[in-house]
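Take a look at these structures.
One chain, chain A, appears in both complexes that follow, with chain B as partner in the first and chain C in the second.
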Partner chain A sequence: MMSAVAFFKQPLVVALALIAALLLLGETLSPGFASGQQILRLLIVAALLGIVAAGQNLVILGGREGIDLSVGGVVSLSAIIAGNLMDGSNAGIPVAILGCIAAGAFFGLANGLGVTLLRIPPLVMTLGMLGVLQGLLVVIRQGIPSGKAAPGLSEFVTQPVLFGLPGIIWLWIAIGLFMAFLLKRTVFGQRIYAIGSNEHSAFMAGVPVGVIRVSLFVLSGVFAAIAGICLLGYSGSSFANVGEQYMLPSIIAVVFGGTPLAGGKGGYTGTMAGAVLLVILQSILTTVNIDESGRQMVFGATLLVLMLFYGRGKALRT
Partner chain B sequence: MTVDTASPAHRSGSIKRFFERFPFLPALIILIVLLVLNGIYQPRSVSMIGITSLVKTYLALMLLAVAQTYVVYAGDIDLSVGAILSLVNVVVITLMQQWGGGALPIFGAMAAGLAVGLACGVVNGIVVAAFRLQAIVATFATSIFFTGLALYVMPVAGTPAPTAFWRTYGGSLFQVPFVFYVVAVLAALLFALTRTRLVTHLLSVGDDAPAAFQTGLPVTAIRIKGYALCGLFSALAAFCVTGDTASGDPLVGGKMTLFSVAAAVLGGSALSGGFGTVVGSVVGALIIGLINSLVYFIGTPSEWQNLVQGLAILLALMIGVLVGRMARR
Partner chain C sequence: MSKLKLSGVAKSYGATVALSRGDLELEAGEVHVLIGSNGSGKSTLCKIVAGSVKPDSGEVLLDGNPVTVTGPQAAKALGIGIFYQELSLAGHRTVEENICLPDLPMRGPFIDRKALSQRAARYIALFDGVTGQGFSADATVDSLRADQRQLVEIMKALATEAPILIFDEPTSALDRSQVERFFEILRRLKENGRAMVFISHRMDEIFAIGDRVTVIRDGATVGTSRISEAKPAEVIHLMVGEQEDLVERQAPASAAQPSAGDAALTGKHLTGPGFADVSFQVAKGEILGFGGLHGQGQSAVLRAIFGASTVDSGEVLLGGERFTPKNPRQAITHGIAYVSGDRGRDGIIQGRPILENLTPVHFLRERLFLARPSALRAKAQPAMGSLRTKFGGFALPIGSLSGGNQQKVVIARWLIDRPDVLLLDDPTKGIDLSAKADLFSLIRELAAQGLGIVLYSSEDAELLVNADRILVFNGGRITRELTGTDRTRYNLYEAAYEAAA
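Our next item is the complex of A and B:
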């Protein structure tokens, strides 16, 4: 039985408590903020961030300073590929999904191979890849017109499908269940924690460290690609660098969810709460009547204060 | 770093030792190759005017890369350097505009700019080292805060710099372009800093923080000082941006942050800390500049330029990491 203090120190509990507090604050600042309709809208936005953060979460869990800065580029690329492949028609959706996932997996694979075979630090490798992706976006955008979302996709993302919830929420729940199963119930998942907490002993125990790390980066690319497709459905058409806004927030969602950047511990349930927390915070700041400069200052300062609740590093003095 | 010179038995090639003494050497070779290629495709680019304009444009990135290097020494990272640069840029421009464009107000505004950079650096240092938050996310949060401050000081870009300021930066003194004096002063400054205890301390913290702590080094204070130094150099970079663009822009530095990290890595510094040189970072910044101009000179169609630049920088980063590791092994 855990003590009350330990219970309240769990990242998931902290995140959920903060979410409740922020909803209450939002409701007092502008009545109607916490209405069902509004919360649904917030959850859709959070799902987009949360899906990107799923891949980020896996890469970070795998340790060795695992981080994926290229997710933003993959999201943008996927949104534009999906827009072109479906170009406003439902018939193009399957091809678009396949094309985007293939592209995401390809760039994830490239990242993973660079990190494992050449042992380039993930931050450097994915930073370089981000530059490549941004360049590729310019080429694609000037070569072909940026297409439109198929009506079916837009409906899936924004309209209720089942029990009043839009398809993207169901997709996010499914991803949440998939991640929980993957991390807690499969050998693959256990091996992720193993290489994240001590790569050397995992290697000695026969864990195929390289293969697992590469697959984490591939999964990160795939999740970013899925988020890109959904983002296209949400906004209707893809525009310049839509994905950039997900790069660092996806990392913050993971940290707010209780997965330290050092890897090896944590999970996705917390990250989902972290994504919701981040989106609610941003939403409150847009409802209050302050100008952009004040909004940014409050947002930055709040993030810092919130970080104090989570994984602070160990003191050198013990 | 110099321990191995005592045991030459397992350290065969002298080239290897040479790389170890001068870890920026691979970057320097890449730089020379790029210079030659630039010269082949556009002879004018290696003329006095060409080099001057290259230095003028990329001096800010060189300084920002140096700023990044001091925190990277200690195994930290600062994703707010670009935001600090923007903030100092708008503060300096606003003060110059209010105080008038004479010599005294200009120096006054620059002093204020340095103070702002220093303050931002100290804030980062406290947040990362004293509060022990993770550097990547914490400095991202402070970068949002600094950007907010910059937007508060100057909501929209466009306020011009006093003529005397950008004329001096872009002009010549005794037939020598002004930026070369800046480079000379910078070189002297960096050389002096290299010999300070602080740099040695930063490197030892980055190499092994617990060991540094156990030998009695004030690790937290050292890391804060590293961030403070980073803030100061970001402010210096802001002066160069101000001289080069001759106007204020609250978002001017945003895109430069990741390039400063890339330049430090290109120069052979290890992001895990404990190893690196500021000379390497300066060379790294120049490599990025030369890649950008070479892509243009070889006649890449405009829509392909970003992609070719991105691929070339990724390739250079990989070479930098691989060669750097070979040198250290």
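Our next item is the complex of A and C:
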């Protein structure tokens, strides 16, 4: 039996309580903020962030300072590839999806190999990869916006398809179920926790540490690519660095959801709540006319405050 | 009047009572042995004295005056120095820097390097001749072997020059010559009136160095007696309470004759880092012991066969088939199991549930894709039962168990799918006597089922009692084979010492 105090200390419970509080605050600041339509819009934005955060979550769970700073670059690249491959036509959607996922997997693989084979710290490896991607985006686009979302894709992301919910919400729910299954009910999932908790013990017990870690980065690239496609559907066309805004929030969502940056414990359900929370926070900041730079500051501060609560080691004296 | 007196000291962590009634009286000029199985509360008692743990209740008297040790700094100011069981060294710093770390000599705002070197040299000199290769004042601690690091930790404790010194298992990694030197130092300190608490699992050491012994069981002090009036059997009896059959068994000489049966594992002229030209054969059903002083290549050979380190030349045969170990994964799929004594580094997956600590080997051997907890629990239950593991449930974190039970979990992970060869690399290091007894009765049973078992133990008694045949290692080579009635402590010591450089 869990005590009431322990119950309210669970990250997921904290996140849900904060979501309710923020919705209330938003409604007070601007009546209509918490209306059904508005909440649905917030959920769509949260789904975009949540899909990116799924990959981020996996990489962080795997430990050894796992983090993927290149997700924003992959999101941008994927949106551009998707836009150009479909170019406004529904017929191009399958090719676009395949192309984007392949690109995401490729950059994830490069990250993973750099981290495992060359033993480059993930922070450095993925930051470097972000630089490569940003450069690549400039080369591809040469400053000219190109590519358009297919109408089918836009509909999937923004229009209700089932029970009044847009396709992207269903996609997000499916990813949530997939992640829960992966982490709790598969050998792969258990091995992620094992390498995140004690890599050497895991190695000595026959866990293929390198293969798992590379897979995590590949999955992170793929999730970012999927988010990129959806983002294109949401905004209609791709513009410069659309994905950049996802790097920091994807990490905050994971930490908010109860996965420590050290890895080895936590899960995706909390991350989903974290993503919703961040999007509501962002929306409130917009409502009270705080611009992008101000929002970034708030996000950065949020991460630092979270570290204060969850990130600290146990005190020496008990 | 006692130098230090603890009465009725208690400490709980949540619902877990680490210490319910800790009493200890320490006189000046004595070595006071504190003994008790793992999880009995002796480390907690030490930490309370050292100020790193705050007691919930009870009284600490220093020279008759009640004191509150508010932290490690306060302990230092009160004249209490401690050697920690978990090494507390700064790995990237040098030996001399670590020795002086608790009290750095300063000149103004800067460290006085010269004074530091001189001070450290005094303590290093105490162990002159037994520190082994690669040990020097300016070597970084990371570059040292485990026994050498433990020596640095001892020097660090000695360098505090505190009137009260506490040694929490200071000899676990040391070889015999190092232990003897350490004891000489302790005897000198005793003559100078220092008061020392000494914790060890080794009965011979306790009787060699102790003046009085206090036994702790289940978080409470159960008795104190003079060593000169105590017998090992009595101490063990006090310590383990209900289980009396733990007194050393006689060597099972009858069962000792290795059958000329099939070889389970053969090593031919194996050479690698830390060992050279090692040849041996383990038959199915045999327990082969690797003996000798600590760090003579026994662990290195076992780790190499398991694929955790490299073999430069020579060959390994598994049941007659040539086998080239590349990594632990491959060794596991070929039916090799390896249990390390360093469970923190090689064994447990810290922070995860007991079940997740049991399953990784099973996943690999069965090439599973899905992890169904109910099915896995059913597989793990018998393995845990065969070791008489005490645990509250598979979902509890591994850290909730005592050291001995953690090690049982690590061993149980190899029993879900039966291996052909079991490599035991000092598997009982730092675990309590009752867990040791459970472990060895299981090992004997596994041998009877036809496993080939190689046992390296840093405790000679364990080898003599449990191994059918003992190969004595010295300087990375096998120098003697002890079979049948030759397996005596005398022969083992003689072989271990004779060529030691």
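The rule we apply is simple: the second predicted complex is superposed on the first by the 287 of 318 C-alpha atoms of A that agree within 3 Å, B and C clash if a C-alpha of one lies under 4 Å from a C-alpha of the other, contacts with A are read in each partner's own complex, and residues count from 1 in each chain.
The working rule: a residue touches a chain if its C-beta (ideal position, glycine included) is under 8 Å from a C-beta of that chain, and two chains touch if they have at least 3 such contacts.
Fair warning: this is a prediction, and the values are worked out from it, not measured in the lab.
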item	value
Touched partner set for A:190, first chain B, second chain C, both or neither	second
When both partners are placed on the shared chain, which of chain B and chain C touches more of chain A	B
Contacts of A:174 with chain B and chain C, given as first, second, both or neither	neither
Touching partner for A:139 - first (chain B), second (chain C), both, neither	first
Touching partner for A:300 - first (chain B), second (chain C), both, neither	first
Chain B versus chain C as contact partner of A:117, first or second or both or neither	neither
Which of chain B and chain C A:265 touches, first, second, both or neither	second
First (chain B), second (chain C), both or neither touched by A:20	neither
Overlap of chain C and chain B interfaces on chain A (superposed complexes)	316-317
Contact set on chain A toward chain B in their complex	65, 67, 69, 114, 118-121, 123-125, 127-136, 138-139, 142-143, 248, 251-252, 255, 260-261, 291-301, 303-304, 307-308, 311-317
List of chain B residues in touch with chain A within their complex	77, 79, 127, 131-134, 136-138, 140-152, 155, 209-210, 213, 219, 258, 261-262, 265, 271-272, 303-311, 313-314, 317-318, 321-322, 325
Of all residues in chain A, those that touch chain C in their complex	184-191, 193-194, 197-198, 200-208, 264-265, 316-318
Residues of chain C touching chain A in the complex	13, 52-54, 71, 306, 308, 327-329, 332-333, 338, 340, 345-352, 356, 359-361, 363-365, 368-372, 413
